[in-house]
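Below: a set of structures, written as structure tokens.
Okay, so chain A shows up in both of these, paired with chain B first and chain C after.
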Partner chain A sequence: MSAWSSIKEKFWSFISKIFGDKKVKIGIYGPPNAGKTTLANKIIKDWTGEELNGVSEIPHETRRVLRKKDISIDVGKSSLKLDIVDTPGLATKLDYHDFLKYDLEEDEAKIRAKEAAEGVIEAIRWLDDLDGVLLVMDATESPYTQVNITVIGNMEARKLPLLIVANKIDLPTAKPLKIMEAFPQHTVIPISALKGENIETLYKSIYDHFR
Partner chain B sequence: MVRIDLISEEMLTNMTSYEKIRMILDGVKDGKIIVLEKGLSPDEEAKLIEATMVEISSDFVGIEMESYPSVDKRSIFSKLFSKPKNPKRITIIGSPNQIKNIEKDRGRISALISEI
Partner chain C sequence: MPHKCARCGRVYDDGDIQILKGCSFCGGKKFYYIATKNIETRDKNEIKDLIYNNIQSDIQLDNLDTLNEIERFHKKNKKNFKNIIDDREIESIKVIDDGSYQLDLDILMRRDELIIEKKDGSYALHMPSLFKYKKKE
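Moving on, here comes the complex of A and B:
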């Protein structure tokens, strides 16, 4: 970006802040199958009536970053304009054998693993271009995964806002309290993206955190 | 037998991010367990995951990495006027075929280590 473009961007960002027309890019991050795309679809459907992407029980269903622009979230008399960036599940390992359990052919499984690896790379590179992150955790699983720790560490180091979403509270084994105990320095909002449980609290928190 | 390389903070300080990542990936591919006395910075952790994904293949399925969550103990005043303290903490890295995480909480990592 040239110096002139950078100055122009900063100027308009400043003007937008003054007149309350700020737009923020929010990335939805988390491990595979935490419900990131279900949440992205829920947010987008609630505020635009559209859907972003398909979901599946096979891990790494989302293998490309998808961005939905200009979603306006209304909270009372105020509103916040967002770009929602749905990212592929982050992982430190990818074994194509794991996909064979879901009745995929070996070739299909290898392609899926390769695409999933490319998706993880893309998701990590997007961290440089975001204004904040919704970190989605599966409340039925242990929150102490390296992916969660790495995303939180990166947001803290960049001093960017982070909201933790404890998803799947509709399931009987969900323990959102465990997530709150694991990361006490961050706000944790328990929800069910699938059933829409506590989603209004999440929208209010998104407004409070990212405006 | 499993070979474990314990890398001191001093040695890590004298390495560039690229050198650290290369050392870790080469070590894991050689079947070593790498223990970093002070871990990696969050940015280096992200770069390590990225570099790992670039090298994923049928023969190399990635890494198992375990560290503790960071704790920001700064006062409200410090949080306003200073950068976050370096959250690097001891980190263990190896092949997913060698390290199996049994249990983890804020202060304890319990893992089984085996030969490949």
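Moving on, here comes the complex of A and C:
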């Protein structure tokens, strides 16, 4: 970072402090293929017109943490400035055999598994640096998984504000109510990141929850 | 311990038969405990006690009448208990084979240091992670 941009950033953070324009760093977490990157792309596209990362049906497409700074979301007359951190899918088991069915070569699949394992560790390290978490779950899958329960337990212990996103409600087999019943102590927002369904409610909840 | 319906929030007393049948108001079948701090602490002690009893079968739960006695027992066996927990939780990453890994998310989230169990059963300590991790901006 050049000296000039560093001074500029410090100046704006000083101005923000004076005028109360708060900035929060939000991490998007969840199991692989829950739609984390699709949601990150949707949020970034809606408010900046850009895209962050590619998506794929092969699990563990995102294997490095990606961050988009200074996204300003407007809710009514107020706005909230966000840094969005898209993270690799959290998993307890990474086996290259699982990738072979997606027509990957053995070497390619092994590298993917190794990078995905590193990605999980990197994602967890980022937790220390966040102000809040959007935990994305696939509403067509059972919410009672080791990943979901471990992550929620750890966020509660860290006292990190958490919003659960029940994604893929555009699919006929989606059961967001099941997620609400599984984690009644948290706010659950059913959305479709792909189709944009109920996304406005999510933006309002982000504003209310992480402000 | 009272139970609360996960769907509508109706509260049922401990042992209420309605919990088995489903919520009388909304039909919900999932309930969660409403625990006060005191109850939680007592429960933790009871769980610890059960673990101790499994380890040392000569002491029975029924023989311990009061919480004070349980506490005294815990203090006496504190060292023993700590070792057992530590022995169970060592590796955060297990290499099963080339390209197959098993991650313990709970340990990874609670501890900074990485301990890797290799496929031959040996352990590797990741030195940089043993020191305080500082993220660069």
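The rule we apply is simple: the second predicted complex is superposed on the first by the 192 of 211 C-alpha atoms of A that agree within 3 Å, B and C clash if a C-alpha of one lies under 4 Å from a C-alpha of the other, contacts with A are read in each partner's own complex, and residues count from 1 in each chain.
Going forward, contacts are C-beta pairs under 8 Å (C-beta built on N, C-alpha and C of every residue); 3 or more make two chains touch, one makes a residue touch a chain.
Treat the numbers as computed from the prediction; the structure is a model and nothing was measured.
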| First, second, both or neither for A:S142, with chain B first and chain C second | first
| task | Using the touch definition from the top, say if A:V120 reaches chain B (first), chain C (second), both or neither. | result | both
| Once the shared chain is lined up, is A:K159 touching chain B (first), chain C (second), both, or neither of them? | first
| query | Once the shared chain is lined up, is A:K110 touching chain B (first), chain C (second), both, or neither of them? | reply | both
| message | If we overlay the two complexes on their shared chain A, which of chain B and chain C does A:L134 touch? Say first, second, both or neither. | response | neither
| query | Is A:L90 touching the first partner chain B, the second partner chain C, both, or neither of them? | reply | both
| query | Taking the two structures together, which residues of chain A meet both chain B and chain C? | reply | 90-96, 110, 113-114, 117, 120-121, 124-125, 127, 146, 150, 153-154, 181-182, 185
| query | For chain B, which residues count as touching chain A in their complex? | reply | 41-43, 45-46, 49-50, 52-54, 56, 58, 61-72, 83-84, 87, 96, 103-106
| query | What residues of chain C sit close enough to touch chain A in their complex? | reply | 4, 6-7, 9, 28, 30, 32, 93, 96, 98-106, 108-110, 114, 133, 135
| What residues of chain A sit close enough to touch chain B in their complex? | 90-96, 110, 113-114, 117-118, 120-121, 124-125, 127, 142, 144, 146, 148-150, 152-154, 156-157, 159, 181-183, 185
| note | Seen from chain A, its contact residues with chain C in the complex are 90-97, 106, 109-110, 113-114, 117, 120-121, 124-129, 146-147, 150-151, 153-154, 180-182, 184-185
